[in-house]
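Note that subunit A is present in both complexes that follow, paired respectively with subunit B and with subunit C.
Up next is the complex of A and B:
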């Protein structure tokens, strides 16, 4: 008897970005409520409706909370748990690529599987039509690695999820892939001429978004394992599409039918639009009154898209306009006005409040005469009387906002994240339970505002538009450190362990060979990355060792003037290799520490410390802020002395700049 | 009269001079007729009663004479181009602009097709198109397995990139692959406005266009175009998405200030009063959006010949060979005779051949898939397969020809055997010559 094939799915419960910070500092992004339901429920629900039988959730931020949620869901027989086996894999990964490599190592995937992210909200019917299309692709082309599913949109939308692709019109094989930058307006799109010469009929699409749904063959996982540099889905797709000969793998494209919805909650703006889409029933059957997650009916569906729990108490003379979700025990006072908003359990709204385009999580109390527009308010927040909160303000759990405060476009947390010491200064204390994040972001701010204006011109829904803070408040020490923090609390990069010594010699060898043979720097990065995995080196250590290796190349050591030697190395490796590793504030600190250590090891280099830093500063590898703050923290006397002049100069520079 | 027809017959066949030589290209024998017969036949089939034919002055008499003998009932209006000057197709069109009073069908004399004209016409009529061009997708499949006589060099096709909106056949882009180096770049606004664009590299322009009258007016005023396909068509396609200059709308106000030397394409668009009114009063939200407002003014469409039809331009030796292999079935479809009435054929083994007037084919010959031009003389005991013999060719006793092209007035002497050869004009192949894959011309044996 032939064994029936089980349909498997993998859900990645992290978005590897900081867009939902600071909510993600105390909870998994997958559990962020979207219309009062943890976001991952939508994906689970969708998979269940697609008769998936086995789901693997890969989680790295707060996996225990995800596991707890799944466990409770199964105990309570939530709708998605029926007939579907859900397992959580907790592992420390910092990218989708890592997650896939982890899965490949575990060897639990036996056949084609659906790959989705927790933040994809869709009612797509993947089975049978799209799965069948994938199987047909596999049958025709043994090298099929993935069938990606895109969704058609009306043109002109820019959320950062739009793609420009070229496919073979007949086979739908993906030939070109480019993500559209959310703020740029391109003059021209460039495609390699080959694809038109090799394929007689090519379709170019500019009307698709990538909701991050894919059907993968078993061959997709080893591809991730073989290529350490594939971190994101885009890198994977581009890697395969751009060097088809190299990889012997191919990707195909399917489009969802026009009546099916799919979108990715990629940031707060998308969060807003998708919440509205859910309330407007575009994602039917995933709508509040159908009980996503829970088996009982939680809401009554009233006209103007008002969803109301039975226990809600609404004062007689308040006005509830349209697109409103009110969860259990919500209490709304006299003369309040609500439109396009979501209120979680036990929320209390006082008298004469106006709430528009706002998302308020459980147990929050809003006192009288408050005005809330275009904002996200976390759980258990207390907002006292007469406050105005607007323009994309995000307030996280447990904050208290005092009377008559006004917040516009700010980020407020109940406490300062304790992992970033040197960033203490970027928070302004409002009270014991409210710290406002301050950012030097004039430039980025202006850019994004200009862009928002453009968008407002384009769609007439300007009022709906939430103006939100820039997506990445850059107070992380480096892009990857949040996952690796636990391992390097003391920043113990100076302690060379055995593995790291071998790693360092490997890197020196790679760079030396690369430098002598002038080979492609991209390959050097690959080599370094693969040694990194072989010796299990943390990212900040990689940064450290790469810089150290640069100074330990024979060219530098043998040169009479060590800095001149380094400049030669930099000319060749700088743009590709060094810039690849030294990006972000944490990486710069790693770089500085590495240089200091090199100086300590080499008497020749030691007098050149200042000049070296100056050179790297001029090359934009290091920024003045980081050098200055690093200088203030350092406790080595000789460094203080050697750099004194340079730092003074830098400070003057920055002062004159700001004037 | 809704349409006038113009046939371009002044080409000199630069791509295959070897076989065209001194004769007018449009008189090259294809099947039992000259090349120009086929576009004329197309016009006649769809009810045109009068055709403007553009010819070179020196060739006019010869062409007129030949055309008048064709079994078609149409009125021909010959327009002569001065031999000395180098005319492009758009230049030629400018010369006949004053004779054109309506929308116009332009066909090159080397286009042979059995495409149904009506879908093309419907595209033009229903969309109020400025221009509809016919494209053919099948030429590459045809060219497989064909050995071009005499030429050893590999045939390298000129390929175009044609961009068509997948939803409504809008022609959005036209360029040659040679215009690009490594990257093909497409204006971003094109993709933004249309969402999905199909780029074809297998289509060839069949040189059959339906064009609005105002376009003719425009080129008659504008000297900057020399060819239709190379310059005019890409220009119009590009203009589809651009805005009319502001001066057009303001003209009534400041007529003295408008500079009339700038011959803008938008000044020439003829639109009926009713259409303007419809446009103005249209309440559909689409007409208000920025994109569609302008694109309504100039619209180009592409009609891709369906797979089951035949469409080809005879401008290379390769295509000339292909068409002659297919012509027998094509002529049958057109209900035209393969063998002329006053040919003298004594052979009993003659299959799938076209024989023009005044040919004599002796008995005891075996002939297959071969085209005979006017006045060929074939003697006994010859065997001819898959070949093309132009006019007045003499083939003597015992000759064997396989896949050869024999040009005008050439003579193949007794006992010769030629395979895959091209024999030039007036050339005499000496007795018992045995050759394969060579080009034989007046300058003696010349290998290419």
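Up next is the complex of A and C:
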């Protein structure tokens, strides 16, 4: 019987952005509550429902808190802990790329794995259909590195997660990828012409959202390691798709079926939208009354999407309108009005309060006559009487807001962090337990206004939407766009040749040093790859120059018999370095061309051409088919003469083989 | 929080998990899994007296009910379990001469039933005495129940020939294992026709149709909206159900109420198939009551990508309540009975003290 394959998943518990600051200054973003459950629970539960058996969480900010959460979850028999082994890897990483390199170093991934972020909220069924599609891709194309999963959306949204892509219609191979900028309202996209020339049928999509779900092959991790300039998933995808000559890898695209939900909590606006989606049961079965996480029903589901715990006390004459979640021991006073909001455990709301579009975490107390609209209030906050808090104010844990204060669009935290990022004087002290962050956000706010109006014009309650747009992360302005390419082309020619010469000398240096010091060949590969990116060398050129460099090593040049010298080099570098580059038919041709060029340059080597090829043929670096077909195409007379015998011998050999 | 609960074992957690994420589906498999769980509890857990065992079982029931309030079957199995513990204990506890007496009293059961509570309160046992035979007896009894469960569909199906006749037009809704088996065991020479309401949005009716068609039974699928229009030609309605409530009402797949009302209008008899483990001593007193209904994914009734999706509230409830007055006959493994008789069966199956597990 075939051994059952374990399905593995990697969850990155950081978003490497500042969008949830200041919450993330004191805690891991993965533990930020979303509808009263730490956000990472949704991913874990989704993976569990997809019968994933092993999960690695890579965490760099406050990993001990994440680890503590996981440990407690296992003790409490939370849903995801059953039948799934969850482990936290704590490491200092600054980007997704770092995390992947870290994983590659640990070598724990044994097969295809699911790569997700903690902030992806989805009810996708990845298994079996999408995993199978990935496996089929791998079978057809050995170079498959990743299958990315996109989700259809109604067009016109701009949250920064939308992408424009081009795929080969038949194979679904990704050919072009561009993220839609949330604020630049691009209306035109430029696709490279080659896409249409090289593929019979191309499909273009502009209605897809990237929820950051992917299924990776084992080859994806080394790709991250080899290219340490890949930091984000986008850079990785772009790197592979845009520079297909550079990388022997490909990416495929799958779309989620229309009835499955997937979205990414990328900022507070998305936080609001997705919370509402959860309450409106679009993400079923990840809805509050099904008990996300806990093996226990925590809420009653009542009309108008009101989720109420049994222990909640609601005064008789207060009005709870719609889309409200009330957790354990929430207490709501007389005449209060609640709509579209989430209240955490033990929250107390006083008399005559109005709470709309607000998210309030555990143990917070809101005193009488407060007005809260479009805001996020952390845990254990005390808001005194007659306050008005609106327009995307974010108040973090443990703050105290004094009587009759009014806040609009501000960030308030309970203490000033020791971080360097925050300058002491950028805070205004309100009291011992409240510091307001001063920042000129006017411009971004105006930008976003129209956007939000489009999205939210449905709801009169939401006239003033959560406006807090944290600084939009710097999307690399499409560095690969065809414009820039064509501009540079003219200069490129001259520069390119010079570059290749420098590259060759660098490769020779690396190999020489490596050979002399007998250092680890893996490092040599890394060195060569890094010089390659520095000088922008194509893959086939690399193959060519590496072989050329091997013959130009001092050992070979100084040796009386050039071939003997090369054999010494080969003994040391052959298995790792040469075999790493010279694989595949194209690479062999590059190798042959390089040898011929070396022979032309060095009189000593020239007579040995045949013997060199014979040696490489014996070492399985070159195959007879390639040598023969290459020989037929070559137009240099001396080569033809020199190799005549060898080729005849090879032909006989292959004939006798076939017999 | 209950997390410190010692009764919440890993095996129980994995049972609940499997039911929750849909690895175990269908009332039959769920009850089977629950019985197996109790069988291993009997063998492996630390208990010496019946009282201790009952606490374990009751706590298990409480945890299950908290976790999966819509799966009434779990509670029923727990009640059944408690009942057999009581029976086995009483049998061992009873002085020899009394055994005969109880044999006599079983005959006069209706009167006994009415007076049972007052009698019990006098000689209520505390279940604390030690009996070494108890474990053995319980295991035997539990295996009997398992057999009964095993045969429940077959027992139901055996009665098919009494209820389905030649040239009849039968209407059913969605997919129910009991109904599938029932219809398939009608003698082959009787030609009858089945109309299946598809039961949107899950449309499990299609499953039943393909299954029936493969056994050469004429079947027609109709949309749920056509139920009323079809009803005047129908001879009989046969339904499965999720559970039967204490008053004889049904908690059945949503759409069942439509069917029952239409049947009432055209005076078509409504027959409901209930394996015994689906009878629950629970009343419906309020539509907003905990766990009466289960609201499914909004996606199934309205696609997320439509422009209006943010502006409307859409619900997809899983169950309908069908009041007992709309039901003509229940068929259980033991035979047919009317909704009025449900209280009686419940009293036979469960001990009144166990009706409410959560307390």
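As a convention for this text, the second predicted complex is superposed on the first by the 439 of 659 C-alpha atoms of A that agree within 3 Å, B and C clash if a C-alpha of one lies under 4 Å from a C-alpha of the other, contacts with A are read in each partner's own complex, and residues count from 1 in each chain.
By definition in this document, a residue touches a chain if its C-beta (ideal position, glycine included) is under 8 Å from a C-beta of that chain, and two chains touch if they have at least 3 such contacts.
Computed from a predicted structure; not experimentally measured.
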Combined model on subunit A: subunit C and subunit B, fit or clash: fit
Partner chain(s) touched by A:205 [first = subunit B, second = subunit C, both, neither]: first
Most subunit A residues touched (candidates subunit B, subunit C): C
Partner chain in contact with A:191 - subunit B first, subunit C second, else both or neither: first
Partner chain(s) touched by A:297 [first = subunit B, second = subunit C, both, neither]: second
Touched partner set for A:499, first subunit B, second subunit C, both or neither: neither
Touched partner set for A:169, first subunit B, second subunit C, both or neither: first
Subunit B and subunit C, minimum CA distance [Å, superposed model]: 9
Common ground on subunit A, meaning residues reached by subunit C in one complex and by subunit B in the other: 152
Of subunit C, residues touching subunit A in the complex: 1-3, 8, 10, 13-14, 16-18, 20-22, 63, 66-69, 288, 290-291, 293, 295-300, 303-307, 309-311, 313, 315-316
Subunit A - residues contacting subunit B, complex: 152, 155-156, 164, 166, 169, 185-193, 196-197, 199-207
In the complex, subunit A residues that touch subunit C: 48-49, 75-77, 79, 81-83, 123, 152-154, 258-261, 276-277, 280-282, 284-285, 289-291, 295-297, 300-305, 310, 322, 455-456, 458-459
Subunit A contact footprint on subunit B (complex, rising order): 159, 161, 163, 166, 177, 180-188, 191-202
